[in-house]
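In what follows, chain A forms one complex with chain B and a second complex with chain C.
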Partner chain A sequence: MIFKAAFKHELLSSFRSKSPQLVVGVFLVLTSISSIIGWLTVRNVTKIYNDIVSQNLTTAPNPFINVPSLYYMRDSVIYVVLIGSLMAIILGAQASLRDRKSNASELIKTRNVNLVHRIVGQLSAIASIIVLLEIVALLTSFILIWVIQKTPLNIGGIYALLGYGAVSVILMISIAAIGFAFGSISKTEESSLLYPIVGWAVITFTIPQVITSTHPVALLNPTPAVATGTGLAQSVINGISPLAVMENFKAIANAILGIDKSIQLSLVDLFSFSLFAVIGVMASVVISSKTFGRNLDA
Partner chain B sequence: MHRLLIITKKEVQDAIRSKQALALIAFLSLSILISVWVASTSFSIKMNEYNVYLAALTPDMQAQALARPQLFPLTLIRSGIEYIEILGALFAFIIGFTSISRERSRGTSLCLLSRPIKKSEILLGKTLGLFVIWTAVLATIYLTSITAIIGIGHGRLQVIDFVRLGIVFLFADIYLLFWSLFAVAVTARLKQFSSAILVGITSWLMVVLVIPQIGDTMDPDNQVPGGLFGSLGIVKATETSILAHFHIFDVIRNGLEVTSITKLFERIAFAFLGIKDKYNQLPISSVAKALESSLIAVILLTVLVGISTVLISRNEETLRRRN
Partner chain C sequence: MTNETAIAARNITKQYGEKSALDGLNLSVNKGEIYGLLGHNGAGKTTTVSIFTTLIKPTSGEATINGFDIAKEASQVRSSIGYLPENVQLYEYLSVFENLEYLGKLSGLKNPRNRILEVLDLLEFKSHLDEKVSTFSKGMKQRVGVAQAILHSPKVLFLDEPTSGLDPEGVIQLREIISLLNTELGMTIFMNTHLLSEVTKLCTQIGILKNGKLIYENSLSATIDSFDKTDSLEDIYFKIDGASKP
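For the complex of A and B:
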């Protein structure tokens, strides 16, 4: 009962809220058009290659010959890391902040409400929104790839697309849950957004840099940068690797989409990623229920 | 003391009291230290591999061996510059945002407006304050960078290197001031703090990450590990002549990139530090001439956002309203 009411209320409030619409719009537009950007680039590189071949300057094969259909999705992976994660933080934080700003918690505390059920209901509503957005993005990509290749994806491709969508949704839901927790415990509205964003930046840029010596900006490049190592002991690298959640996500997504044949789906990446998702959601529920009703500073 | 300077002093004092400036210095210094450590260790690994390769060659083959890897000390702070580009911009936005939100949530903006001071003077004072804060932060980071290059990277710096680094940090100052002023303008203009943060974060995301990322994706040489032309065995001179046939695509890609102040700052920093090969070891005047348009664009964009901030402040409501 509480779950259902919280779920419905959160859905309604999220759709009414105008603030996150800008970032949601950017996410939808960019994940949807990523296939076009990828296709334009591949087409240009193929023209360059043909020009080189016509001048007898190379005998090497075209690097883009027989690229998988889902190759055009490779930018979409980066956009989930960049825009999807930030959108999730905003959706999560705004949901818990809404209650605190309107002092709804005072009213709720007077009733016999199971807080865990209520928070799970709210998080489920946010998860539904994320699923809906991902479905729209995937559907657009599916249609665009169909138009670009003049043939629809085969059944294997559709499964890969769905698998990728599922992993993206898991990442965004766990990050939204973390954002929700920050929205519950932060003293001010701005810190509830800024702390998780700084944390996201450290996970996305600093940790991978320490592990692989790759430059921060290179981590946004669709082509994996060559890692030369940082001389750290393997035990230290193994210890901090699970924290490189975005790199784990990129590896899993690339393996599912078959973008880079050299990347094998690593069990360690899969385990670290799953652990992050489970811990993220569980910690969020526990923290948010324990700190429920905390007042915001002026 | 002039009214403008009083506002400036208050802005700096607020930043010191809130420990924002300290946190910024700590975070950016740490990123510089990590960057130099990672880059120098990476270079040592490359050097060791080269020595192993050299030792494996017979004495007569050693004369034809591959060139020894060369360390250009200023390139060691490449990742640090990228942190300034990405996270520095985010922190600059936060500092600018707090500068207005603090006044409005405490109600001190009402007190300020009751005094015989022009609204534009309040915003100019704040702008000057933000400039002082960033100059102090970056001066510290400049010294940290030099210490890290010499102490951790074991690099030998010439006098000219100090100047090159100085130019880069001067433009970092302007670049970060741009983001702080943008935050001031957005926060002063919008009623809700959350809307200001969301507009700011979305703008930061687009300008700092998405536009440069699309530009990188559209770069033909970024499509294959090691570079397209490298993998096809094409030398630089031939590459340039081939790319001349694809001028329009490159114009579109470049046009997209120059809409991002982050990419402009990156070009300036990478050129003066010699990270971009074609500018490495070139005289400062030659680099400045080659990057003339980027240098002007960064300054112009910052001035424009500064003017917008002052214009927005002419509407008294922007400072008076409470969240």
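For the complex of A and C:
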């Protein structure tokens, strides 16, 4: 009963809270229209290519000829990494901050409430919201690709779309759980958002930069950067690569969507990504239940 | 301790590092009483209530609420008490019903709707059922706070500075509610306050806490009888407390 009550309460609270609504809106719009952005890119490049060909300036084939159907939504990968992650942090942190801000923690602690059940209920509600957003985004992409190509995705494409959606949801849920934990332990509302955002920046930009020597701007590409190094450097890279969660996600997403044929689904990426998700959620439940009811600094 | 004892504390101490918040507290409240725990700010009143409501553990000593040990039978203690903290904000973006439904379910009520309506009827607050708490005055929020505290029909109600921050009208209304809960529902009420006027109008028994020690405990009538007839309760308080009246 605690799980059910917490689940319903969290859904109600999240839909009523104003703070996450903007970032949820931006995520939904960008991931939904990523196919249009992808289509515009292909169209513009093809137009330029055709102009160049008509002037006999190149004999090379059109780089976008025979691109897979799901190529159009490649940008959504980076939207999940950038906006989806931030949205997840805000959704998670706000959920645990809510009790602390409303001073309701004492009311809960003086009742016979199984805190683990309650936290799992809250996280499940957040997960449901993320799933719902992803379903809307995928459905829009499916329809837009159908309109652009004038033919619906084949069954393989639909499976790929669903697989990509599942991986995106897992990434965002695990980040929301981490945000939830920071919302439980941070001394102020500001730091509960600041710490996970700094952590996100480190795993999105700093660690990949260390292992790939890539310029940070290049890390905004939806395709993963390639790790480079020899000898000792290679050992260091191998050691910290699993921490580059966003690059692992990009590699898995690209492999599933089939955007870049050179990228194959790697078991190492899959394992480190799954481990991050499992540890993230479990640690969040343990930390949040142990620290429940800490007062926020005035 | 007898069957008539609702709250009993024996040698309760609470240390925060070097600082002692409670120092050998012994206290007893009979069923059906309204007990007022008086004391200056920092005397240990909130610490006492926090221990009785299982929010914090004492450093040493024992206490029972409704016969249940606060350390060994915390779950039974929680089932039999209601608690209104000093600054309850509730979930401001939710309506009165949504707040109470959630807290009722966390209290173990499977279908709290009827009970919510019953409690709000008792508190004369039913007309605000669907209004958001964010639109309420402090006094109205306190009523919702009382409603959440009594939803599961507790035998003992703990109120931490219940009239703090209320306007005079709100104070009178809350006083009437507390009196009603005691007389109509037979609840034992334990309240922290530093307002002597509240104690005079509501309490049947008083205790005075100073630097973590209970320096006085008696019924209100016996307290008034044992001092000069010309003494007001305020005079009596300062005589017992030993502090000079400002």
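Couple of notes before you dig in:
By our rule, the second predicted complex is superposed on the first by the 287 of 298 C-alpha atoms of A that agree within 3 Å, B and C clash if a C-alpha of one lies under 4 Å from a C-alpha of the other, contacts with A are read in each partner's own complex, and residues count from 1 in each chain.
Everything that follows uses one rule, which is that a contact is a pair of C-beta atoms (placed from the backbone, for glycine too) under 8 Å apart; a residue touches a chain by one contact, two chains touch by 3 or more.
On a predicted model such as this, the values are computed, not experimentally measured, just so you know.
Chain B and chain C, once both complexes are superposed via chain A, fit side by side.
When both complexes are overlaid on chain A, the residue A:Met1 reaches chain C alone and has no touch with chain B.
Contacts of A:Val210 after superposition on the shared chain: chain B is touched, whereas chain C is not.
By the touch criterion defined above, A:Ser13 lies against chain C but remains apart from chain B after alignment on the C-alpha atoms of chain A. Taking chain B and chain C in turn and counting the residues of chain A each one touches, the greater count comes from B. Using the contact criterion defined above for the overlaid structures, shared-chain residue A:Ser102 touches chain C, although it does not reach chain B. With chain A as the corner point and C-alpha centres for all three chains, the angle toward chain B and chain C works out to 100 degrees, nearest 10. In the superposed model, A:Asn112 lies in contact with chain C only, and not with chain B. Taking all C-alpha atoms of chain B against all those of chain C in the superposed arrangement, the shortest distance found is 13 Å.
Overlap of the chain B and chain C interfaces on chain A comprises no residues. Touching chain B in their complex are the following residues of chain A: 19-20, 22-23, 26, 30, 37-38, 40-42, 44-45, 47-49, 51-52, 55, 57-58, 60, 63-64, 75, 78-79, 82-83, 86, 90, 94, 97, 189-190, 193-194, 197-198, 201, 205-206, 209-210, 213, 215-217, 220-226, 228-231, 298. Touching chain A in their complex are the following residues of chain C: 53-55, 75, 78-79, 81, 83, 85, 87-94, 98, 102-103, 105-108, 110, 148.
Within the complex formed with chain A, the residues of chain B that make contact are 31, 34-35, 37-39, 41-42, 44-46, 78-79, 82-83, 85-87, 90, 94, 97-98, 101, 105-106, 192-195, 197-199, 201-202, 205-206, 209-210, 212-214, 216-218, 220, 222-226, 228, 231-234, 238, 242-243, 245-246, 249, 266. Within the complex formed with chain C, the residues of chain A that make contact are 1-2, 4-5, 8-9, 12-13, 16-17, 98, 101-104, 106-113, 118.
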